[in-house]
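Please see the structure below; I have some questions.
Should a chain be cited, it is by its letter among A, B, C and D, assigned in written order, with residues numbered from 1 in that chain.
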Amino acid sequence: MKTRVLITGFEPFDGEAVNPALEAVKQLNGRIIAGAAVITRPLPVVRWKAITALKEAITQVNPDLIIAVGQGLSVTEIQVERIAINVDDFRIQDNEGRQPVDEPIEPDGPAAYWSTLPVKKMVAVMREGGIPASVSNTAGTFVCNHLFYGLMHLLSLEGSRRRGGFIHIPYLPEQAVHKPGQPSMGLDTVLRGLETAVACALSATEDGKFTGGTLC
Amino acid sequence: MKTRVLITGFEPFDGEAVNPALEAVKQLNGRIIAGAAVITRPLPVVRWKAITALKEAITQVNPDLIIAVGQGLSVTEIQVERIAINVDDFRIQDNEGRQPVDEPIEPDGPAAYWSTLPVKKMVAVMREGGIPASVSNTAGTFVCNHLFYGLMHLLSLEGSRRRGGFIHIPYLPEQAVHKPGQPSMGLDTVLRGLETAVACALSATEDGKFTGGTLC
Amino acid sequence: MKTRVLITGFEPFDGEAVNPALEAVKQLNGRIIAGAAVITRPLPVVRWKAITALKEAITQVNPDLIIAVGQGLSVTEIQVERIAINVDDFRIQDNEGRQPVDEPIEPDGPAAYWSTLPVKKMVAVMREGGIPASVSNTAGTFVCNHLFYGLMHLLSLEGSRRRGGFIHIPYLPEQAVHKPGQPSMGLDTVLRGLETAVACALSATEDGKFTGGTLC
Amino acid sequence: MKTRVLITGFEPFDGEAVNPALEAVKQLNGRIIAGAAVITRPLPVVRWKAITALKEAITQVNPDLIIAVGQGLSVTEIQVERIAINVDDFRIQDNEGRQPVDEPIEPDGPAAYWSTLPVKKMVAVMREGGIPASVSNTAGTFVCNHLFYGLMHLLSLEGSRRRGGFIHIPYLPEQAVHKPGQPSMGLDTVLRGLETAVACALSATEDGKFTGGTLC
């Protein structure tokens, strides 16, 4: 049976009319990447509901690989997240008005989960393809990290038989127009980046040892 | 006789293999924008030689409008420059090893020249088209400002019968790959921006009053 | 007769309760720097009124040297301004609600005036003293640049027999508390910087040739 | 017996002549804060040796509270770290030439440890005192995070009977002089911040619920 990749994108939030993650994900739906079928889903920027909707999508699609995509702020590159942490500390309200402070996502879960994507290789192949990319060591403490932690917790409970992780992408140029000085990335570049990264994640059985750390 | 626009782009410098300005300008050569013929020229990143080559191009092409394009550093938007100042203060060497400090470009010239482009309108129409753009109040003190001042000095001596100015553009994504964290802009977005800006400059006989200042 | 230095500081604006320039200037009032008497004045962040109040202070004090100090935004260093430009383009309203767009400060004045301070030497001596400092090539287009241009226009009309210029300083730490992520500088460091810079301006008859340019 | 606080500061690295953490820590040695005795130690910026030296200091001093302090890069505020992660991914070599990539600090340790300091309260009291401060969600992947993880692993094995964590501080102004554009903070402000934070950590038995998250 054909390999399936589930890619999710968040709906707009924080007063934005669009979310680059959703725009990118729409374009990828139905594509074949490295022989695998891509199925995509929009997700609400709402605590718990984002994880619930993701679980439903995983049940329906039964994917081999899951990549959640979100909008990054003041981000110049496609950022492959390394680690999800077990805390909700929302600087703004989510799309249903929730704003938890320092509450655990899973009270009995570990402090953090590593992405099970080959993050270093994914960054390396994007760069080789001329697409700005980097490893990120924090996915924040808002709904992006919330979903990322929920995903990795689920995959861990399942026995880690399928892999998953999270990617942040910059604003689209048409969004940055309304936020003077914000960096942006064109949708075509984002799409090439995501396709390259997904193909890498499908083929790489283990990650490479490329430097990708930060000093502090 | 058909209106002619001369657009120049600098060659690579500072160890870069490409210059986004040159790449953009190559693509625009021979296009018709708003009924005007676009003629482009590469320029050396060399003190005096840049101005000399620009003067030769102006003599050959006899353009109605001249727009010089250069690569900006740490720039997220297409920046239309407002003013050129009469000083060379090179933080790095130019492509022939010259590094003047606080030397005038034209010893008898004024301290500064305003761009004669409709800078505010150009920024406004690019933003309306979904392209990040802003007014810049300094073109630096390197070869970009050197050329910009030389251009405006020439146009002033001619009696300001033709208009001109300078635009800075961000790195291309494939350049930013080698400068982690640097913002970039795809070539297609840059090209749409430059075409929009040139069309605006051709049609607008005077500038609009849109806020575009900075606090400091 | 003793040499006199007039140092001005702006009042708070843009919703701030303090202005680091005013705090610094208050501390300097009455000091003797390099044998010269320091006299200071607060100035309103109001178009025209800032220049009028400065002229009155110059008439009263009859200083040999005039240094206007203002608050910089997102500034990490003490910035000695190189050039004032003949335009008011206020991104926000001044303290009396005025918000001109692209209006000249002096309709018959030149496009720009150079600072007549030894800007490069002032930056060099501050750095030697362990104080972060740099040359700035734009003082913006708000009341800071407005006052700076007004000052240099006045000194030019007088025959340039006394020197003057403008310095931007960072937020104070207690201000940055309310603007997360904003850089700041302690008042003691700012005061040492200003004293060092004033002493340099008093002693240096001409500027030094130190690299201080920007690429764009 | 008197409460004891162990505060450590790293030695200079990455070509720097000083480390603000070491300078601050030297000043705090022997002070009494909120009735507790402060004992300080310098630590080498060397993989494993930093942890070994910290363990020796803990054995000698038998402190009730341990706070490790390090230099942050491009940091404008005092940053109280929330979480340490179990990976060494050094972007540069440590002071003995080691540069591990994606190696665990403790092969059998958890992915991450939370700071056991009241991070939110510490940030709140520093801000109330006029000192720029924030919570940080990543301590990087260099020796700072290495030491922080090693500390929390040790405290966890001990049964979490004493608390500890990590604080990043900005460059000193005299360092920033050599890194144009880098933000900095005066030593007096850093010292006031650390004293305030230590007093808070000594008195607070649990953390407060203040928003301190980031979006991504």
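The working rule: a residue touches a chain if its C-beta (ideal position, glycine included) is under 8 Å from a C-beta of that chain, and two chains touch if they have at least 3 such contacts.
For each chain, UniProt lists the protein as follows: A, B, C, D = Pyrrolidone-carboxylate peptidase.
Since we're looking at a predicted model, the values are computed, not measured.
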Checklist entry - Which neighbours does chain A have in common with chain D? => result none
Item to check | Set of chains whose contacts include both chain D and chain C | outcome: none
Checklist entry - So what's the Cα centroid distance for chain B and chain D, whole Å? => result 47
Checklist entry - In whole angstrom, how far does the Cα centroid of chain A sit from the Cα centroid of chain B? => result 38
Checklist entry - Approximately how many whole Å separate the CA-defined centres of chain B and chain C? => result 30
Checklist outcome for this item: Residue numbers in chain D touching two or more further chains are none
Next on the checklist: Quick check of your reading of the touch definition: is the inter-chain graph here a line, ring, star, complete or other?
Outcome noted: ring
Next on the checklist: Per the touch rule above, enumerate the chain pairs that touch, sorted by label.
Outcome noted: A-B, A-D, B-C, C-D
Item to check | Of chain A, residues touching chain D in the complex | outcome: 14, 70-73, 75, 82-83, 85, 87-92, 99, 101-102, 110-114, 120, 137-142, 144-145, 168, 207, 209-216
Item to check | Of chain C, residues touching chain D in the complex | outcome: 76-77, 127, 130-134, 173-174, 176-177, 180-186, 188-189
